[in-house]
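Notes follow the structure.
Chain lettering (A, B and C) follows the sequence in which the chains are written, and residue indices restart at 1 in each chain.
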Amino acid sequence: MAGSNPNAKPMNLTLKVWRQRNRNTEGRIVDYQVKDISPDMSFLEMLDVLNEDLLRQGEEPVAFDHDCREGICGSCNLFINGRAHGPEAGTTTCQLHMRKFSDGDTITIEPWRSAAFPVNKDLSVDRSAFDRIIQAGGYISINTGGTPDANEIPIPKDIADRAFEAATCIACGACVASCKNSSAMLFVSAKVSQLALLPQGHVERKTRVENMVAQMDKEGFGACSNIGSCAAECPVGISLENIAIMNREYINAKATSNNLA
Amino acid sequence: MILDSKIPEGPLAEKWDKHKFNVKLVNPANKRKYDVIIVGTGLAGASAAASLAELGYNVKAFTYHDSPRRAHSIAAQGGINAAKNYQNDGDSVYRLFYDTIKGGDYRAREANVYRLAQVSVNIIDQCVAQGVPFAREYGGLLANRSFGGAQVSRTFYARGQTGQQLLLGAYSALSRQVAYGKVKLYTRSEMLDLVVVDGQARGIITRNLITGEIEQHAAHAVVLATGGYGNVFYLSTNAKYCNATAAWRAHKKGAFFANPCFTQIHPTCIPVSGDYQSKLTLMSESLRNDGRVWVPASKETAERLRKGEIRVSDIKEEDRDYFLERKYPAFGNLVPRDVASRNAKQMCDEGRGVGGSGLAVFLDFADVIKRNGAEWVSQKYGNLFDMYAKITGENPYEQPMRIYPAVHYTMGGLWVDYNLQTTIPGLYATGECNFSDHGANRLGASALMQGLADGYFVIPYTIGDYLAQTPPKPVTTEHPAFKEAEAGVRARVEKLMSINGTRTPAEFHKALGHIMWEYCGMARNAEGLRHAKTEIQKLRREFWSDLKLTGTDQEMNQMLENAGRVADFLELGELMIDDAYNRNESCGGHFREEYQTPEGEALRDDENFTYVAAWQFNGENQPEILNKEELRFENVKLTQRSYK
Amino acid sequence: MSWITKTFSSSIGRKFIMAVTGLFLCSFLVVHLLINLQMLRHDGGASFNFWAEFMGTNPVIRAMEVVLMLGLLAHIYQGLALAVKNKKARGGQAYVVNHSEQNSQWASRNMALLGTLLLIFLIVHLMNFWIRSRFDAMGGLAEVRVPNLDHPVGDLYSVAAASFKIPWYVALYALSQIALGYHLWHGFRSGFQTLGLNHRKYTPAIYLTGYGFSVIVSALFAIIPLVMFFSEAYQPRPATGNTVEQSLTTEPALR
């Protein structure tokens, strides 16, 4: 139809999908066939087709997280053919389209795997560890009201842009999922460096990085060994530079803060 | 019933200040004795939760997402309006107020809108202090862009991700209060009913979406910040989970539903590509700053283009009809959304649409790319262009985007008074969930403004007025009303699980969406609405006898979740149709074909319809009762909207 | 726990130790390599023996040797601790299909494996050279006289020259340098990143230097045993029991 390649033919695919009842049970890969998949479908629309078929046949549909389907809410999180969010760089699962696959392909679909992300069901995982890390300090401690005029502190455009780029993290967890060490450093550093770059964040920069890193470790994420898979798989292009910024923020904070604990 | 909007006396500009003085305050030491439930953690919910917790109230915040940060506010692209007048181009609180009232086609409350314009300036200050990285000029000061329906540049933005950055600001404020123990966060919890005790909202019933457990929660007041109901149409720019269940359950417990037929069709969305389509993706209105909307001037050219006999580049400049620039020289491509959408539909109805289906018009960037270069365009709109390319497989730098209107926002919602309180005492509605500020059409970049205004700067004052009159005694779930509500929820879930028919929730949802789009979409008429009403009633009966679900309700079951939401859409859809049928005029997003000017513009009937239609639930399968809140315009003169 | 132990047991603290010790070990490699290269001079090992004696007796160097040992041990300990922690963080269930080669370099993902290989090599290497040169009980060295020194020195050169005539030993050395190269390929730039030294102006240069460093250092280390194996010019001195005079200009093959 509109906008599509008129020569693109519908595809038949074999799906190998991870099925797991809940976090306390063992999971396994189950094979499914889907037919007449349009190349213009999104990956999740292809899964919709599978789920509608399963439901009509009286089977249980595959549970997976998704919501906005425009690449910004960070809900979708599928490990497709051995890659976080599938083969296309800079793309969330929901923005991956079936034109990236070919008729007859076998596609393996797994949930994010990490000790800190237990499986809820099938392909849905619990990423609340990310929320707890933000709760540990990913904010500027101001109450509503009583703030100065927005133009009171000029911020160089270059700094504002870099802070913005760090702030575009969607907390999907692809960094953790693709990291051999299951490290959350890219996620944590994006917030730390956004607030460390902006003058508003300077007041709390030491306690913030100390507390957020402590919580990150407590959640059971691994340590960064600068492999770089996180940034390579990040759908919104969060840079490794943020991790370096966090490292120096942390060392500086530990060396100079008044916190003895 | 007479609706008391509780608009304060006095001159427009002084109403809010006076009201803030007149509302009762809760003693600071007593605030910790009050519990407030907030349902929804988008802009309106998260900002309210954080602000109320900062004041000292105990907040319980609920979201069906795994994290508050996933709320669909995050997807707002273009920006947020504020009457800062940083550009020195003639903006003022009054002008923002005026533009919003006019943009809403004179169907919004003056006092609410003026307050919105007043607090808009505080929102920007608040967000900047939170570390929201708005776009800046080289001198380090904040940048602005223009949006539809305004002739000043007052929209603050963070590239194409303004909603994301604002939501993350509110989310961070919320997270801070969670860390302090002032907010208790319930994720993956869906509100399935409201509990009313002695006529006052006192709690909610929720379902844990992971374990399936049904839970009772009590509080002194309940705030619904659960967004809009655009997903009634199945295809919309809303997220897949967006639903009306919380608002609809509250409606059935006594909260009036206002102007349900006021839905906004956004002009610039990526067109539908097939039956499998699960949602539509918006291309920010900000693109109309630099993109030019056109279709081929003749039907014949359009047809040849659709058939692939000619290419876009073969169409000469004089054979292109830049219809918005032609018809509205003053505003050009930046006319309000309802006007832009209707014109796009008109062009397609005339057979001049493009794309395979003929249901699309061009949004062309060739001129601006020639003028400023592709690099400049990429700086400004890069993420939107990338998104377009990913979805369509086409490169918008080389050929014009194809766009078509799609359901985007619902101006209607729970009726609230000036305090944002619904007709149930103790139940508040904020953000898109209420009906208050946008009339019959919302201007671009005003949804973010309203959500944050309600949450940061209105509800913290007005809810105190109610709580100050409520004894600070602990509330519990002891009252039989809780058991009763829970039993109702259980019965409904069990009923859904036990039908064991043949059709999936999505099939019913698509069928409903089709009816709504066809008969209650961009253009409506009495006959079609009558037809749609019987169709929906039939569909609803089929739903309750032929629904298919599998699995159990004691575990994560996404199809069950969806079925409950579709069931409510099937009821709300009918009310929308009733409301559209009742409103014998055209205004804003509500276009009745019977009521139009000779030029095809919306024709209002101010004499008979300058009112808010607030619908009152009157029992299952009974017609709802229409209550009217007359709108009084003391400061602006009602005129035919003109953007020419 | 005090703030110090807390800092260095945190994930970033551990990585900080890895980076500091790792970069320190890199600097040691340079010194080691420069001295090793002396063996290729055609002077019967006089230069080499001179510097070996210097390294073994200079009080500053001896002090640094302690630091080096501690650094090495810290690097090994933290490396193992991180490997265990990271394995645990990954969770019980591995991916059924994982194409990590499409998002990262092999060396980066296998630092623990490479480090373990290097550790095995180091044990063999230290037993053969370092322990023998430092502790007489472990075999000790024959004595030679070299110019500019008024006392006899240990003939470490002969130990090396003898070792590098044994095929499996040469092979072990050369292959171990491949592991070293890969380890440095990732480790050099990684150390800078961990220390927070990432800047759009300098990072490309750091990467380039790191890649160059890893290739050149490991290649030169590997070439030395190969050259000494294949060339007749490098022979161990027969054990005579007497102290032999060495001259910096005497070509041993012409002696």
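FYI, contacts are C-beta pairs under 8 Å (C-beta built on N, C-alpha and C of every residue); 3 or more make two chains touch, one makes a residue touch a chain.
What you see is a predicted model, and the numbers here were worked out from it, not measured in a lab.
The central chain here, found by comparing per-chain C-alpha centres with the mean of all protein C-alpha atoms, is A.
With chains reduced to the mean position of their C-alpha atoms, the one farthest from chain C is B. The distance from the centre of chain A to the centre of chain B, each centre being the mean of the chain's C-alpha atoms, comes to 26 Å. Between chain A and chain C, the centres computed from C-alpha atoms are 40 Å apart. The distance from the centre of chain B to the centre of chain C, with each centre set as the mean of the Cα atoms, comes to 65 Å. For chain B in complex with chain A, the touching residues are 47, 50-51, 54, 65-72, 74-75, 84, 86, 122, 124-131, 133-142, 158-159, 161, 163-165, 168, 171-173, 175-176, 178-179, 185, 187, 210, 239-241, 271-274, 276-279, 281-282, 308, 355-357, 359-360, 386-387, 390-394, 402, 456-457, 460, 502, 504, 506-507, 548-551, 555-556, 558-559.
Listed in rising order, the residues of chain A touching chain B in the complex are 1-6, 21-22, 38, 40-42, 44-45, 48-49, 51-52, 54-56, 58-61, 63, 65-75, 88, 90-91, 95, 97, 99, 120-121, 124, 126-128, 130-131, 134-145, 147-151, 153-157, 160-161, 163-164, 167-168, 170-171, 194-195, 198, 200-201. Interface of chain C with chain A (complex): residues 2-3, 6-7, 10-16, 82, 85-86, 88-100, 102-105, 108-109, 111, 186, 189-190, 193-200, 203. Interface of chain A with chain C (complex): residues 16, 18, 27, 29, 79, 81-83, 87, 108, 110, 113-117, 178, 180-183, 185, 213-214, 216-217, 220-229, 232-233, 240-241, 243-251, 254, 259-261.
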